[in-house]
Amino acid sequence: MELIVFVIASAMVLAGALGVVLRSNPVHAALSLVLTLFGIAVHFVALGAHFLAAVQVIVYAGAIVVLFLFVLMLLGIDKSEDLSIEPFPIQRPLAIVIGAGLAGLVIAAAVRARDALPEGTPLESGGDSNIKQLAQNLFSDYVFAFEFTSVLLIVAVAGTVMLTRKEKKGGES
Amino acid sequence: MLAQDTFFTAPEIEWWHISPMLTLVGGALVLLLVGALTPRWPRGLYGLVTALTAMTAGVLAFLQWQEIDDDGPATLIDGALAFDHLTQLLTIAICAAVLLVALVTIDELDIAGKDGPEMYAMFLIAATGAVVMSSANDLIVLFLGLETLSLALYVLAASDRTPRSQESGLKYFILGGFASALFLYGIALVYGTTQSTNISEVAASFTTNVSLEGDPPLILAGLALLIVGLGFKVAAVPFHIWSPDVYQGAPNQVTAFMASVGKAAAFAAMLRVLVIALPFQRDDWRPAIWVLAVLSLVFGSLLAAVQTDVKRMLAYSSVSHAGFILVGVEAAGHDSAGEGMPSVAVYLLLYSILTVGSFAVVAIVAHSNGGDSSIGAFNGLASRRPAVAVALTVFLLAQAGVPFTTGFIAKWGVIQAAIEESSYALGIIAMLSAVIAAFMYLRIMVSAWLTDAEGDVARETVPFASAAAITAAALFTVVVGIFPEWLLHAAESVTQYAR
Amino acid sequence: MHDELSFPILTALVLTPAIGAVLIGLVNSRQAQYAKLIAAITSVTTGAMAVWLTVEFHQSDPDFQFVSKHPWIEEWGISWHLGVDGISLFLVLLTGVLFPLAILGIDPHNDDTRRDKPYFAWLLLLEAGVMGSFLSLDLFLFFVFFEIVLVPMYFLIGGWGYEGRVYAATKFFLYTMTGSAFMLVSIMSTAFIASRNGVSGVTFDLVEIAENADFAASTGRWLFFGFAIAFAVKVPVFPLHTWLPDAHTQAPTAGSVVLAGVMLKLGTYGLLRFGLYLFPEAAYWSRYLWLGLAVIGIIYGAIAATMQTDLKRLVAYSSVAHLGFIVLGTFAFTSQAITGSVMQMVNHGISTGALFLMVGWIYERRHTRQIAELSGLQKVAPIFAAGFMVIMLSSIGVPGLNGFVGEYLILIGTFLAEPWYAAIAATGVILAALYLLWAYQRVFHGEPGEANQNFAELKLKEAVTLLPFIGIIVFTGVYPKPMLDRIEPAVDRLLGHVEDVADFEAPTPDEPVIVEHDDTDETEEGDH
Amino acid sequence: MHTALLAADPLLDTDDWWWQVLAIVAGKVLAIFVIGLVGTMFMVWFERKIVSGMQNRVGPNKAGPFGLLQTLADGTKLFFKEDLLPDKADKWVFRLSPFLAFVPAFLLWSVIPLGGDFTNGNDGTVEMFGYETRVQLVDLPIGILLVLALSSIGVYGIMLAGWASGSKYPLLGSVRASAQMISYEAALGLSLAAVLLMSGTLSTAGIVQGQDGFLNWNVVATGFIPFVVFLIAMTAELNRPPFDLVEAEQELVGGFNTEYSSIRFALFFLAEFMNVITMSAIMVTLFFGGPQPLKLGDLQLGGIVEDGNIFAWAGPLSGTIWVVLKTLAFLYAYVWFRATLPRLRYDQLMDFGWKLLIPIALGWFLVLAALEMVRDRYDGWEPLAVTVVISLVVLGIAYGLFSLALGVARRTREKEGAAY
Amino acid sequence: MLLALAEPTTTYYLILAALVFAIGSVGLMVRRNPLVMFMCIELMLNAVNLTFVALATRFGNIDGQTAVFFVMVVAAAEVVVGLGIIISVLRRRPGATADDLAELKG
């Protein structure tokens, strides 16, 4: 049962990820990203992180990618990119080598660590317990981090306003 | 609902000890709120408030110094933050840099004709992020600080409405995001080994947990990712590719800010992650840092020497400075608690002030040449503005590491730290690259002192606030360059960090 | 010791020119004439203090005198430690004398008088740096001054030099900086390794380390070479000399005077003070390398000088040859040779400095330095020619003039230890006579061409400048005893230290041990 | 990991789960599907009938009794229409987007409690073929977040439809729609947060269970304001009048679905109306106690009315009846809005959302949180009163600052030209 | 049941995450559209999230999930800023790709 879920969700994730990279149309790429996000949300559910699964969908799929699409449409930059043109001939092979190296590094580490990974008592996952645990952790161990995110959000908002606000005279519409 | 959770205890919050941070945030909020609600303030007032805020924060950090001497380092808010001399020293460095940058910004914004509170607020918030990074005792907190700083910097880099500025912001953003992702993945894998993101616990897990003996594979992969991520943030070769473009394209004051506060914070993060959190892997990360240091030193200096734009040149020179600091980090990665960390801390403090001064001079020259910061714009500076030329010379000599300037003290410190750990090769490479770099600084000085300007060039206008900042920085550079004893003595104690 | 001396004379020697430079910096650009006044006053004051120092010097005391020691950066074991002994005394004096002469003797060819200001400021800064280098007894301090010297020199060459000045200045800078890079690492390593081998705590104090440190042979050799590279570039020793002709040729006259007169001595002085004193074993072990390079330098410099068409370049190459003698003497490890080397450092400073000065005057008059374009100057300017003759003869090493004393002592001393090297070096003396006399013949003899008809006679100012040079040349040549009396004790002390540590016995004229010594050497250094 | 995936329903907790359980689940799925489709059909008819009534017309009355089958007839017609695919359309996305609109609308049904006995602290489970289960497909621990998630997914359908059409007006419509939906989602979430604060759970069944008795209904417990905000924001989310700028005929022709026809158009149409029903049901769940009866005191009428529940005679179905009745009330309200309210202008829409709804929702939420905290920690009414006073003062100051900021912004705008 | 034996272990998740991360990084390096590059960054962040959650489940330690919560906040903030920058660039030069942005060259 878990395996089936895993396989299906992983297929979604990988297909989506490849889609982001390989689809020439940015809108299609964004939709592929949504597919990946859903796949990961499914994985979260399977791993017992219900709250995160929901937030994943709400924040990522519901807000972030929508914003992407919004910008794409607003600016009309949804033209397909001709992926057959390669500006720097060495770039792609190099990128693939780096990517493969990255994946190889972590996969090798993960495989070698598979027995060494300590296994703790599973988290309670019935009912609201996932959310409760998360909340308690958030407001005790991570309370500073939590409060500090407010500063982060201020930066985001103030910064974006600063960037996109129209200047006094002239400029773009 | 809230009272139901009887086993929930809220952590104690040491308000006094986080007051520097709160001051910075408070200043930013005041600027944003009050600034938005009131008509334009008189010229320079926003900047003055910023400078005062930074000064207050710095003084608060300074006042806590003795406390650490008396009671020893500690962790704050349930281990989220470290309260030690490293934190305080870097906080002071950051605040000093912000103060100088704020003064320069007054004039920069005035020239651009867009005085407003936003940029100052961004500076203060970015500085908060930097302070959090330098005091983080939790990898997640560190990451949040990093992001706060980075986001603010992305915005600041793009804040000028010119194509160059926006381009630099975009490039910085994409590559910065990449670096953040790598860094974060590294944190995840460290968590995968130690079951915690808290630096104290991470470090402790290698002493308590028997199964973790003999470097577990996940942490090695995590370490690699962390180093790459940090390498991007400190702009070490080969992860420096963003920095020349960004430095050149960003507004002058922002470039100064990036080179000072940004660099200090990134290295603070590096110390926290590598030296404090993962000391038991030092034999794994030290060689990597060695390689990064050598590459940064050599390529930073070589590429700097062939540039024609001074801002770009200083960008590459900051790469080579990163190489020098990495030499100190490498030294800190040896078994004995040697001079490595103090030398890095001292370097960061001295370099921050130095670089702000340099960019301030570049800004002054560039403005009178219609924004041209190429080396030709400096021709004949000495005959037009001897005082500015002297200040420029002081800064450049200091960057080159000429004696009786802070730059010399800084470089001597890191190389001494390396030599103390018997890293002779590194010391020699560092010094040789300093020679190449010195050649580049001399080129600028030659054009300022010895080359005559072509045609009639207008005399540079030197606005008051910038002049004050430059004077302060130059005096500091020379005076501390001659009498560095107190700073070195103070920095000695950063090896007593909290964990 | 001069504990009774309340006035910190050495510190004053370093700081006076520096203060002068700062004062010039404060002068308004429109009143640049004050710059020269300040420069003259400060450099003369410094010179007077140097003379006074020489007078007050206790001639039989081999130790450091007038020592001034204050902690500076205690955190790193660094102190402001100055002192003077017989080896450095005359170099300090030379510096004190040469600078005022260079400053007063010839003006920079500035179109814009405002540029006088930085020129004099840089010169005074240079003097401070050189003084500091000769006086420091702290490795850190020495390095600081050694580095500081580069910056003013770079600007003097780059700013007031001739056509190829930027290239020459850059080359000069890069060569010497590269050398310093190695030295810096060596200095630090020395301090740390010394702290583990006999010296208590990390300190950069020269005397402390030299007297107490006990380096392993291989360590000492590495460290020695770190220092030696820097000094070899500065001297310059044969394969590293290529920056010198360019720098000399392109530098303004005062720059050339100072460069040849005192700055090159930083290298030879450094070899003595830091090479031999700190690492006797390594220095002794590597002596054949140095002797070989010195001999090559002597011959090569002479031959190259012969082939020059540019008068200034010729003098520059003659410097390479002369400094070869100094290195030869240094690494002969006999009392006479080292004393001769110290002597020769001063002599070379005087004679070559004066030569450059006169070449500069020729250039001022004729705007050329090409030998081919000059001829028959003796006819139109006999006094000028006579002055030139005296100095040239001193440079050749004619008995009765100062050059002779130094070269003779070096050759004698070297002959005691290494006769073959001495023999080859002696040919260098003959070659020197050849190229200098030939040059004199071509420039001063014959009929003056049309362009040389109006060559002006020696002016009063020039004569006043030249007189001290000639006075010193003659005085030292005739009566070198006061100098030798002061140099010898220090040299003997140094040599004694070397003998102790490197475990050998220097040959003396009374007890020729040449043959035995060579044998033991052969067995010790079979692979050398 | 086993339990993690399946902790949604007591039904699935049983150890011997086998085909009966599967059958029950399948039956539920089928039921929801049918209810959804039939309900939508009815809703279309309902709306047309009510609107025509309000406008003094007859409305559909030919197909079937009272015109009830009118929607079926329309649907059949749509099925047989030609399926157009515009030349410039992005074919893949064009085909996909109707489903993206339709599927979330359907999925929403799965977390709505459609019945069950929640009175007197019962947890709403009923016996079905010998198994304990709920009258809802699943009761996820994050149930209400699923609602938010799905409603945010719903944006995609509209957005992509407009974009994929390769035509200007649909694109404009969809850009408007997405901006609108994102904007109002914030207010929606904040008013939802007020509900969650009172309930202390995210599960829909849990929320319903907590609303035992009229005074505990969240509409009362949260002080009515969150409900109003929620209602308005939801209307905007649904693109219903007066927030239907997405398909403002005068400006944008048909809006995002201009280029759609035939079955694809039908799917959009279906999704829209189904969303109205599901959202009404969710509002009932959140604020009006879902299947909880509106109790008339302790009225007992021998088997017919028990504990004030006037539908007690229906037994286990009483909850369902309550849900349907309450939902119908909301459906009527929506139709009523449509028939009476004029459409907003676009800038009014944005101002309304950002400058009114969000501040109100946020402020109210903070007050509620303060009150809740004080109630938890202290006894008696005095602390509560003090809290209320303080809250009012703080809110007043905040309001003052806010309006000051708006004023400054307006003045700056007038002085320096329009902001972006 | 047979299928139950082949339960996915934490390692499976780690490998999947590594793959996604690598795909994202390759995409970042080869794609030219700034928005798509940005999407690739999001892919990478999601891979990290998956790693965190998988490890948290394995360890029975909620810290990993908390970390993901913060990552999501950061991602949201990053998107806001990033899109702001992209808008301000592309508004001036529609259709600009990373290659067109070459004002700054040394």
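Per-chain numbering from 1; labels A, B, C, D and E assigned in written order.
What we mean here is this: a residue touches a chain if its C-beta (ideal position, glycine included) is under 8 Å from a C-beta of that chain, and two chains touch if they have at least 3 such contacts.
Please read all numbers here as calculations on a predicted model, not as lab measurements.
The minimum number of touch steps linking subunit A to subunit D comes to 1. Most remote chain with respect to subunit E, judged by CA-atom centres, is C. Relative to the centroid of every protein C-alpha atom shown, the closest chain centre, again from C-alpha atoms, is found for B. Seen from the Cα centre of subunit B, the chain whose own Cα centre is farthest off is D. Look at where the CA atoms of subunit A average out and do the same for subunit B: the two points lie 29 Å apart.
Rounded to whole angstrom, the centroid-to-centroid distance between subunit B and subunit D, based on C-alpha atoms, equals 50 Å. One simple way to say how far apart two chains are is to compare their mean CA positions; for subunit D and subunit E this gives 32 Å. Note on chain placement: the centre of subunit A and the centre of subunit C lie 69 Å apart, centres being C-alpha means. Listed for subunit D are residues 1, each touching two or more other chains. Chain contacts: subunit C has no residue touching two or more partner chains.
For subunit E, residues that reach two or more other chains under the stated contact definition are 7, 14, 21, 24-25, 38, 55, 57, 59, 61, 63, 66, 70, 74, 77-78, 81, 84-86, 88, 92. In the complex of the two chains, the subunit D residues touching subunit A come out as 1-5, 7, 90, 92-93, 96, 140-142, 145-146, 148-149, 151-153, 155-156, 159-160, 162-163, 171, 174-175, 178-179, 182, 185, 201-203, 206, 416-420.
Against subunit B, in their complex, subunit C makes its touches with residues 25, 29, 72-76, 112, 114, 118, 140, 143-145, 147-148, 151, 154-155, 158-159, 166, 170, 173-174, 177-178, 180-182, 184-185, 188-189, 192. Across the interface of their complex, subunit D is touched by residues 1-4, 33, 36-39 of subunit B. Of all the residues in subunit B, the ones that touch subunit E in their complex are 140, 143-144, 147, 151, 154-155, 158, 161, 163-164, 166-171, 173-174, 177-178, 180-182, 184-185, 187-189, 191-192, 195-197, 244-245, 248-249, 303, 307-309, 312.
Note for the complex: subunit B touches subunit A at residues 5, 8-11, 13, 25, 28-29, 32, 76-81, 114, 118-119, 121-122, 125-126, 128-129, 132, 138, 140-141, 144-145, 147-148, 151-152, 154-155, 158-159, 161, 169, 185, 189, 192-193, 195, 198, 211, 216-218, 220-222, 224-225.
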